[in-house]
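Note that chain A is present in both complexes that follow, paired respectively with chain B and with chain C.
The block that comes next holds the complex of A and B.
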């Protein structure tokens, strides 16, 4: 236990030894310096006049945005339906792609740990690290704007997430059940269907609903780059500075997010 | 019993259905089929456009084999630096703010009024999408990394405070009580009774959030909030797929490096 001696000769308990304290102090110093440098860069790139003006601007926008133009709602039903479809179909597509990837990535089901597993892991990491908006940008350049690009963007983006959680669930299954099924003389497909799948089914359903919830959020903004859904209306309203419409759309999005979170929590509670 | 057994003998075993109530099972199944038909029918796909685009898609995939880092290196470097700066600054500020809010949002530490206010902040921050917050902040503060920095800080608060509060709520009361029994002040109680219990998880979550913030900072540029997103958008708009491929490879590489780093750090503190 580190102990320091005070000038009067009394021993005082200390939490850390001298060397530990010095190292921690140096680490804090370096960290603070990095942060201050970063802040300096941001500050240099900012027009501070606009920032001092910001409260007035924010008040002005708020004043223009209230009350929301409720009559605009009739033009929003179709985009809302599109947004729901983008999220749902995208999630379904992602699950179709994620299942084989997860089985190839899990240590206990992959055909080859040396060659196939790294490829599956690469697919998981690369689809996960790129945001759905970027996938949408890319797909719009390739297959043109519209809901279809949004569905595919959401599907690709979700593959990594679903496959990662699913392969972790597969790696945690109980070996004895699998062995019991294979001891009856079951074929590999039967072992899969009766030994492995029932064990991961609850996790699978949980992942699907969880991702669907996230995808509802993501699909609301996909329209900003032209991939369909309510984001298109948001972009159009922002471009013409129609703040009452913007506030209505934001309310709708907020409502949709709350509903989807509630549904997902209910369903997960029922499954698990 | 034997009658039930006799009835089953000689008949093959059938897997029990996932949902016991037959009417619920059928309603869900039929509802799902109807929804899928309607949903797929309402998507308009311009197949000739898709067909035309396939060449471009192939060109894009091919460009991953020869990414062009050099032609626009100046722009890429500037954008990446701005993304990293926004990530670091917003993570530091976001974590610093979310610790007091996390303490306030834990029911076993905070009094009810503080708890309600802090939970409200968390709910608000979690419900608003980063991109939407960024649009509003760009409208208010003007273009540039400041809007992105504020957006990411705000999003960090919702994420970290919620998980920190949950961790504090599930901590071991006995240790905290022991510190309190020595006659400690409130600050000492938090510092020696609560903080050591939640620190490993807080560090792990902070690293994870740093990782998320970097990924998010890559898209904030699309709405004018600074970072690599603007460069990427321009590259796509000009069909410079080799530059776009280079940027995507850099993003993937950085995310992988960050994930590896956070894995090492989490393994060390836990």
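The block that comes next holds the complex of A and C.
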């Protein structure tokens, strides 16, 4: 009770009682002790020689990597095109799968809260929790290396993300609009097309562009495990320590990401 | 035309919103449903078209009993009951025309409605109705660009294009200013008279109800407390419906301040 009465009968207000202050002080003490102990552990496990050495090594790599080998660009056009395709087709595939999953997962549209909704939620959680690189590794084993494996990996990885955001949008719709459409005698499909879809369309477009933007980044590394795209070139160049090529590839990736960011910002601005 | 027999609704929380309400509405009669918040006015009209499932009792629309119908038969009967909402309940991101035509959803198939390929007769009727309520030049505007009064007119068109026998009207004026409220009430009552429609209008504004309707039902705690002509709404009657209050300012001779704006 922060409010107390002093002996003179005046009402005193403090932010915390004495006991609360003591508990907070003790919590800070324990927290600081744990932090220092962890610091010590990490410090003991670190080979400090390599760390002191780091600026020199980094400088060395930077020196070798500049200038980028611009002539290598002719071999990058095709892989970067592959990367864009992986991201775009993967996003389209994900959206195609995410829409039904989202409608099954949203509380107000699911046919059964007890059986179907948990399955939809499981799909969302399981696809989201596994990184696209791991999906790509699995899929390369199943369907062989190449762009197709990359597309599928991106698609599966994105289903959960898109479906989650979409089902949250579905749950937030204005119910009276749905009520009004049902009151006209519309069938369930018509209620969906007239009462629900117009309300979630802006969210859907926003989610699609946002995920496409993320997928451009993700697909640049898929090549590292052999799933096509510019990552393949990156790995090959790293393996032979061709630093000028590596720096060019990194520049190209940066450029692609900036472009995708710009496009998605424009599209989102146009929708909202 | 519409007959309620011992219509009862008990919510899962145990609240009894309607206690065996009996009511008969003849063809073409416009009645106002008044009562305090929570008296069950909204529940009553939603139980008629089963947006809320009644717990027990019967609803007869003409010769059809509604509470026992299956999903498809209920949809067919819902076409005969147009509904108008307090917050208009237009689909905000669709155009005025799409909103009006959505009143025909019960009559056209899914793909036709999805492709917006409504029969020409429906489109003609939509234009006629929009012209009647003075919004024909707004047909291509999006619903969220309209003012409150305009939206409610679109809501009225959507209900009327169903070609209903009955209008269920839930607080049509609660979100509108006093002048627009009167215009909307007048429009609803005129259209009902033109088409011989019966209507149940939930309304908070007792004076407004007295101005326009032929019959008033007073609801209190889910039971009918008053059923009679608007002139019979005396301070005593209002006290039984709403509780103790000075009612002289509410029941006024409405003629003296009417038509100032017209």
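Simple rule for what comes next: the second predicted complex is superposed on the first by the 225 of 272 C-alpha atoms of A that agree within 3 Å, B and C clash if a C-alpha of one lies under 4 Å from a C-alpha of the other, contacts with A are read in each partner's own complex, and residues count from 1 in each chain.
As a working rule, a residue touches a chain if its C-beta (ideal position, glycine included) is under 8 Å from a C-beta of that chain, and two chains touch if they have at least 3 such contacts.
The structure presented is a predicted model; accordingly, all values stated were derived computationally and were not measured.
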item: Chain B versus chain C as contact partner of A:147, first or second or both or neither; value: first
item: Chain B versus chain C as contact partner of A:61, first or second or both or neither; value: first
item: Which of chain B and chain C A:137 touches, first, second, both or neither; value: first
item: Contacts of A:195 with chain B and chain C, given as first, second, both or neither; value: second
item: Superposed model, chain A: greater residue contact from chain B or chain C; value: B
item: Partner chain in contact with A:187 - chain B first, chain C second, else both or neither; value: second
item: Which of chain B and chain C A:177 touches, first, second, both or neither; value: second
item: Chain B versus chain C as contact partner of A:22, first or second or both or neither; value: neither
item: Which of chain B and chain C A:116 touches, first, second, both or neither; value: neither
item: Chain B/chain C common contact set on chain A; value: 194, 201
item: Sites on chain C touched by chain A in the complex; value: 49, 51, 75-79, 81-83, 85, 87, 89-94, 98, 102-107, 110, 113-114, 155, 158, 162, 168
item: Touch list for chain B against partner chain A, complex; value: 15, 18, 35, 39-40, 42-46, 49-50, 53-54, 56-57, 60, 81-82, 85-86, 88-89, 92, 127-129, 131-132, 135-136, 139-142, 144-146, 149, 215-216, 218-219, 222-223, 226, 229, 232-233, 236, 239, 244, 248, 251-252, 255-256, 259
item: Residue ranges of chain A touching chain C (in the complex, touch as defined); value: 174, 176-177, 179-187, 189-190, 193-195, 198-199, 201-202
item: Footprint of chain B on chain A - complex, ascending; value: 31, 34-35, 38-39, 41-43, 45-47, 50-51, 54, 57-58, 61, 81-82, 84-85, 88-89, 125-126, 128-131, 133-134, 137-138, 141-144, 146-148, 151, 194, 201, 217-218, 220-221, 224-225, 234, 238, 250, 253-254, 257-258
